[in-house]
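The structure under discussion appears below in the form of structure tokens.
Chain lettering (A, B, C and D) follows the sequence in which the chains are written, and residue indices restart at 1 in each chain.
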Amino acid sequence: MKNTFGISVAVTLFGESHGPEIGAVIDGLAPGIPVDETFIAAQLTLRRPAGRISTSRQEADAFRIVSGVFEGRTTGTPLTVLIPNADTRSADYQRGPARPGHADYTAFTKYHGFEDYRGGGHFSGRITAALVAAGAIVIPALRAKGILIGTHVARCAGIDDVPFGEDPAADLEKLNSLPFAVLDEERGKRMRAAIESAAEKGDSVGGILETVVTGLPAGVGEPWFDTVESVLSHALFSVPAVKGVEFGDGFALADMTGSRANDPLRMKDGRPVSLTNHNGGVNGGITSGMPLVFRCAVKPTPSISLEQQTVDPAAGEDVVLAVKGRHDPAIVHRARIVVDSVAALALCDLLALRYGTDWLAVTDDCSSL
Amino acid sequence: MKNTFGISVAVTLFGESHGPEIGAVIDGLAPGIPVDETFIAAQLTLRRPAGRISTSRQEADAFRIVSGVFEGRTTGTPLTVLIPNADTRSADYQRGPARPGHADYTAFTKYHGFEDYRGGGHFSGRITAALVAAGAIVIPALRAKGILIGTHVARCAGIDDVPFGEDPAADLEKLNSLPFAVLDEERGKRMRAAIESAAEKGDSVGGILETVVTGLPAGVGEPWFDTVESVLSHALFSVPAVKGVEFGDGFALADMTGSRANDPLRMKDGRPVSLTNHNGGVNGGITSGMPLVFRCAVKPTPSISLEQQTVDPAAGEDVVLAVKGRHDPAIVHRARIVVDSVAALALCDLLALRYGTDWLAVTDDCSSL
Amino acid sequence: MKNTFGISVAVTLFGESHGPEIGAVIDGLAPGIPVDETFIAAQLTLRRPAGRISTSRQEADAFRIVSGVFEGRTTGTPLTVLIPNADTRSADYQRGPARPGHADYTAFTKYHGFEDYRGGGHFSGRITAALVAAGAIVIPALRAKGILIGTHVARCAGIDDVPFGEDPAADLEKLNSLPFAVLDEERGKRMRAAIESAAEKGDSVGGILETVVTGLPAGVGEPWFDTVESVLSHALFSVPAVKGVEFGDGFALADMTGSRANDPLRMKDGRPVSLTNHNGGVNGGITSGMPLVFRCAVKPTPSISLEQQTVDPAAGEDVVLAVKGRHDPAIVHRARIVVDSVAALALCDLLALRYGTDWLAVTDDCSSL
Amino acid sequence: MKNTFGISVAVTLFGESHGPEIGAVIDGLAPGIPVDETFIAAQLTLRRPAGRISTSRQEADAFRIVSGVFEGRTTGTPLTVLIPNADTRSADYQRGPARPGHADYTAFTKYHGFEDYRGGGHFSGRITAALVAAGAIVIPALRAKGILIGTHVARCAGIDDVPFGEDPAADLEKLNSLPFAVLDEERGKRMRAAIESAAEKGDSVGGILETVVTGLPAGVGEPWFDTVESVLSHALFSVPAVKGVEFGDGFALADMTGSRANDPLRMKDGRPVSLTNHNGGVNGGITSGMPLVFRCAVKPTPSISLEQQTVDPAAGEDVVLAVKGRHDPAIVHRARIVVDSVAALALCDLLALRYGTDWLAVTDDCSSL
């Protein structure tokens, strides 16, 4: 089940950049979850390229749900969302040189040249629209259980955002509707200026996304192989351009001493809480009840208009390439919605495995677990 | 299948730190693979604590294989390796305060107090001995196919090792038998001195492991969800203390421009190769045929003898803890064998899915794939 | 992954009887398999109700493939086929009494009343159209490898067809295009007359389907849990109305002695063959190279117009029901295409696991395996 | 995961007939389930051959649990049970002719001759001892939830037992401790006489096992692919010698009319119950709350001492074989404990998926679900 993720709640992705439709099937959802099409549309808009810092490809993203929803609620059977590819200019993309940093050559090798190469085919970032639509089904359901998820652009083009504050849940409320999600507006402006500057040079930039999840119950995850970190990183490394994932202080922990890295515990309101959160809400692969914190490294968009050395894999020849067409000088700000979506789906799966298939539909929050 | 990893080649781990035996079942191995018990013993020795920089707990690691091997070769049916826990001093560990940075509290919450708490139980690093034994079955089989894997301590206590050279395969040959795996001996000495210094203070240090895999065929991995990075990170985040995983230049890619991060391609000996390897041998989740490179952040060992604030979860009380017993002031140098083992098992699974269950037994190398 | 079947080649089904579209995603197909839309249409026609012995619901079954096919061949990425529900008369079906023998009550209980109850929703036989379309992708690919599959109505309304002859592959050639698949035309006529007679009484009949697969290589399947019989029965019991599955002589073996049931082996053309095939081509869960033979018991269609005692589960009341609308007095003759489809998909999965993901695309037959 | 069954509660089997130990790992068990070693021993005794109607191979079955149990209860981490092979007379079994009806030839083909051929190796019925031990962990846990499971020899050597009575739960109480499980003692005597008679002729007999499960909640199972029938048949066809599985009236339904086969529903104590149970407690793949009823066809034991035609697959030669050594003239009466065990494990998995991982440990019965 290569293009499927999850065990109890599973999502399957399909479609190609220039095919007629892309889509996702979510199976294993609890019955009775309200489906908010306005929220799905809003999430798709946040993912969609906009303005000078993104590609000029514009998709209406007129999704439709063809199964699994009846009278506005999930039925419990597979929910399928389809998104037509309205704005495909296939003439822009023809088999030719492998774009460096893209999957063109690896796809050619894997599929022996039978892949739909137009616009990156099944490897295109376009497919993440279906993932975002799928995520938008479950994010409100998690919220109804008191579980909030959100991501900011923690770093872009070498510029840092400020960190989350004392009350990350409050930060998430503001963050989640921003088109360019930063905690500090001024730093966000500088990031956007840096993206525009890269665009003018025909180049691109990358960044780091930082995600926080509040309200997760303690005790979720497995000691070996299905640790929370394992399951989430599995999902996160599927997001195109993600090349690193870390939890809590992550790579910075490598330079700490144990006396610094160990989060001291104290009883508070009858439950253990930690005074710091260097471990990012996970110990031994299991959630501790503290906010779950992780960061994803997003590489610079590989499509650039500067000349590059590459090969034409079908011809077996060296060539020089200057990629034409529509490109994003950065995708890190758009990818944050994809990260939220895929992480929300992964968490739903872990929660359904632990608490049963109907759990997500129960409207009370999970503070009593 | 929580404590099982893999689809076509799957490993299941079991056992507790202070139980009678720990072990692993590997299922889906090709029949006819020679099993080298000397190599298994050597790998277990490299994982085992030794000298002043490790815990004084000494295990003979007298493993025995009770199924799946006949006349020195794999049968193709589940291979089970058992390792008795000879040196268990249960009196050292009793239910009490949750050790900060450990899984004690999260395990207590998850298992409602029914977990075997002695020595960390199923969460103990001890269980990695079974994983190393399992890995030692497949590492020589991969080698027979021309696929080499190895890891060095790229950083420890803030001290960097030198990077891999032009010919990483040659580096691996030297590295894999070293008790403290560094490419530069002098830097390794400084790391060990720093570990000893932390030990004297009752503290601990962490580090970064860098792994390279050479000889992997191009075209392995899936575009969504089962990318090579997804599958490997899933396995790697199961290794205790790993809090970050990155591929290629990883988090450093976030600060690069596309023109720098994109690896230029050139034809060489009839195949495309890249002139740089910032993407670590993976593009779009699929192997490119370049060396696979990844790094794991290993946090400092949580067991320290310095006083720490914590709670007794069963009693629901705040306490002060000074951990007694045998501890490692660092595990990063021991964890590298675990990383090699778990990565080798994950790669075998991906290769068996792609090329079939018998592929690993074929003795020719895979350069023609 | 509840509505997904398969590991290396996996099919996911979605849709409801009266929703806008139903469909299937097939993931893990080898790239380069020719896709024959004419054959898909022909298979859908064979599944479709026709004439006096079937429901008068008529669907054009105007399928479209929206992903995974490029220039007439599979790409290797998920293939999605969608079939619009053109002829839905929702007024015929409203929430009301649970139809005895149907899933109405069990669905109500499982989904707490949130299920799309119209026309049986996701439980409807209508969904098998998507399964047949999926099967029609792989049946010609198996055929290109020398593997033929086909099913006859071995028994209907108490009337037996004749058994397969000496050369079952020859029988399959004739059988597979028949609208009512029997080996003996005269017996088929009597079966159809019995179906019509039941229809006149407002009742329905069942039957037994017998399937044979020729050309399968020996050595496919696993000893425990993933035996060929386990995997196939898992798939076959998903076909609505199937209540029994047996391999070889099946239940008749229970009355034989070992000396009768054991198939004697002889060398022929350098390979062992058995002189009889009481075990149906499977020993110890592994294929023997003999024709694979299995039978499915299909219960009589539960929708009948005779009065029945039942309950209204939402109201919690006893009621009397006479089902109106369009019904099949028998589905056994239509189900055979579904059985072929689901069995073909299951076999593709087993073969891809054993021989690798690209195997199905290779055009040579598998006689050399 | 070939030798693993289950998703949330998973069992992995390992070992060979003449290896040092066989065993099972059960993962995903709720923490806190009491483990009754006396019951495990009793179940192993019921599986063990005894008297004139069984092989004279005698195993003490001195199992030991090496992980997953602490202070008499499950910990929630993988539970491993090991059973030494005490009584292995390898000289009785050497590579030679393939025994007809056995897996000898198919194993040879699948594993290319590397399999442990002694005594059937991993295909031996001996491995079912580990499965029975695993089942004996969960059967009392199901019982504590009000779910009873039991099996009788419904037919053997052509002789029928009487059917279950009005109160199958009462029948199960008597049945489960009998060494030869029949509802009618007199018919059981005749069956045993027929088995002895076959043994005297050097031949063997088969039979049919009928299982009933009472107390299962309604709403368990999935519409497509993971129907209750699919999941159970997957498990049941792993039991050696099972060649057919049917639910409810099974193959007899094929000859009924819909008006007969449809089970009429009536309200009783506030819930719908059916007046008959032709569908065996499953409709649309989902449990209805009625007793779950299924039957397995068990073929005659293939090991017979009569002369048989066969081949020596390694030599590629025709030979005549008269199997020597210890054989069962029937295994149907022993297999019933294996059927109970594997079905109990499969049901635990379905229940844990639906109600969460901790559900099985809750001591109240499930009548309120």
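Just so it is clear, a residue touches a chain if its C-beta (ideal position, glycine included) is under 8 Å from a C-beta of that chain, and two chains touch if they have at least 3 such contacts.
Bear in mind that the values here come from a model prediction, so they are computed numbers and not experimental data.
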item	value
Fewest touching-chain hops separating chain A from chain C	1
Centroid comparison with chain A (C-alpha atoms), farthest chain	D
Pair of chains joined by more contacts [C-beta pairs], B-D or B-C	B-D
Averaged-CA centre spacing for the pair chain D and chain C, given as whole angstrom	27
Inter-chain centre distance, chain B versus chain C - centres from mean C-alpha coordinates, in Å	45
Centre distance in Å when chain B and chain D are each reduced to the mean of their C-alpha atoms	38
Per-residue multi-chain contacts in chain A, two or more chains	2-4, 7, 13, 77, 110, 122, 223, 358
Sites on chain A touched by chain D in the complex	7-8, 77, 223, 353-359
Touching residues on chain B, where the partner in the complex is chain A	2-5, 13, 98, 100-103, 105-107, 109-110, 122-123, 127, 155, 157-158, 198, 203-208, 218-227, 229-231, 233-235, 237-238, 240, 242-251, 253-267, 270, 272, 274-275, 279-280, 282-289, 297-304, 306, 308-311, 313, 316-318, 332
Residue numbers on chain A that touch chain C, as the complex places them	1-4, 6-7, 10, 12-16, 19-23, 25, 27-28, 31-32, 64, 66-68, 70, 73-80, 82, 110-112, 114-116, 121-122, 358, 361
